[in-house]
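Order as written gives the chain letters A, B and C; numbering starts at 1 within each chain.
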């Protein structure tokens, strides 16, 4: 297990060196995965909210389907997006394959179901508390959804975090649609995969540690926001 | 804050003309959950104005009756008639204050503004309502950090902000201290005096005596007795009501 | 407000993503063996300085690289599986194929050398011996150029290793690096191109066991993708890149690429 010690030293050295290539990769990882998380929230939260408050035929089947989608293998998502964005595919004319946009699209597809399924649970719990009051106020469906989303905002931050975590950690989808092109679409996970395939295990592990530190930073930021909110009983 | 009701209140004052929702006619109302019958052919007529106190032992179906009248639930059978309209048609013209206040995870002010916006009114009016219930000084605090009495006053202010013609209260003062109970009662009395029809569920005989124009005593899923307050308290007609007023256990 | 801010952020980020388009740039579909060795890191700056054309490389197995190019997701194909490349050109996906360079394959194995093939140069004899002894052998089994070459060598040795798949013959279905990592982890022999092996960092006690057979030469070819099939191809830049690679200057650059003082690729474009 000597390589873990090596990796630790290497990770520290890499961070201290302020290597511009590393910085570029880190920033692209954050840009792609944060964008994907934001867009997936714009899609997933309203869907989660409508399912949370809705009582309609096939709702249970829809819930099972949404929960199953959470387990989508990234490689399959990558492949589906590749087939659509490929020059010979239906959306090939957009010229998006092997761009960060393609990576964002793949990650949105990957995590929107997670956001929808987890937010559905959070919002349904909150709606149980609010339902009678809201019906008494004769709120429309849209007003109900808006109020639930706003009042659950700090719990939903955690939901977003779960999505971001999956996005920033996955490699299967982005390596297919991004192509791991140096200075263009190389992100932390594809760089780790590359270094592993070159047998540079210590370097790969060092990059993994840096990725972990980034994830820790994002989590800590969200946690501190949540704690402030909890002091005001807004959670 | 104890003299909250004495403060000037510039809200659009509902005239003393009775609401067109009144009188209320309830006929043969039945509510069943499986084997359990909660309401058993309950019939009731409520007049145009004043404060009706609904009393009765636990499990008599008082809270569920309020939800049915307010259109939040569907009865198993029977008719509810608000001046010619069904309960779900008139929900928006009524308000209900729950025993346990359901406050949004926002500031005190935002809780009022929320219903004002939902009713297409100016959010700025929230100041009047907060002043009316003596919560102006807490406007920017998180609503869910209020004390029990403050929370219920906010809940009441929010109900009044919808400008209801009928105000239901479901044991709003259970588990509150005496000063908070009095504050709530003053706000409710003020609303009654401005023409809001009050339908008030309580266990508290003292509260019923202070507030009631008339009393409905519920027992075993029926309106066992419905009398004017002046008649009910000195001389209840049903034995269950008599036992209840005398502090005996009624089941 | 919250939602509006989110929306604006998303839009800004997406636009920023779409803006990184490329005017004078081409995409090369190539193999992990060339990319992982560092060849492109050495060649491309020389080419870019001279022409100003930005070259982006997607490194996958030869099979996938050809498939991607057939889907028009590339301007130039640079792989090592001559029969498949010729089929690619014959089907009209490429304009023409030119021999570019070669390196050779080697079989690496653990120091203990369980099959006793260390030092052999007869690859067919070595493979037969590995099969006979049932010594572990890890194959990429991913339809890559290396895998195709390996299968051809097994066929020449009259051994069908796939009948022992899961036994002594382990099919990883992965790239060269992953297969080396796996093979080294399980003490198996692995066939790899020399370039990947020399620059591979996780060798542990492994060394080259079999090398030097002419059957193990590994020919690379370069093919510009045909703009008649794929109108999106950057024809001029692709042509410029392919021509430069086979020119005297490009060939010298390839010969000049060394790792640990060893030349990894041997230029052999016709006319040079």
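Everything that follows uses one rule, which is that a residue touches a chain if its C-beta (ideal position, glycine included) is under 8 Å from a C-beta of that chain, and two chains touch if they have at least 3 such contacts.
All figures in this text were calculated on a predicted structure; none of them were measured in a lab.
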{"item": "Most distant chain from subunit B, judged by the mean position of its C-alpha atoms", "value": "C"}
{"item": "Chain occupying the middle, per Cα centroid", "value": "A"}
{"item": "Geometric centre distance via CA averages, subunit C-subunit B, whole Å", "value": "78"}
{"item": "Approximate Å spacing (C-alpha centroids) for the pair subunit A, subunit B", "value": "47"}
{"item": "For subunit A paired with subunit C, centre-to-centre distance based on mean C-alpha positions, whole Å", "value": "32"}
{"item": "Residues of subunit A touching at least two other chains", "value": "150"}
{"item": "Subunit A-touching residues of subunit C, taken from the complex the two chains share", "value": "2-3, 6-7, 9-10, 13-14, 16-18, 20-21, 27, 32, 36, 41, 56-59, 68, 70-73, 175-178, 180-181, 199-203, 230, 232"}
{"item": "Of subunit A, residues touching subunit B in the complex", "value": "129-130, 132-133, 135-139, 143, 147, 150-152, 232-235"}
{"item": "Of subunit A, residues touching subunit C in the complex", "value": "31-32, 34-35, 38-39, 41-42, 86-89, 92, 95-101, 104, 149-150, 153, 179-182, 184, 194, 196-201, 203"}
{"item": "Of subunit B, residues touching subunit A in the complex", "value": "67, 70, 72, 91-92, 94-96, 98, 102, 104-106, 114-115, 118, 142-145, 162"}
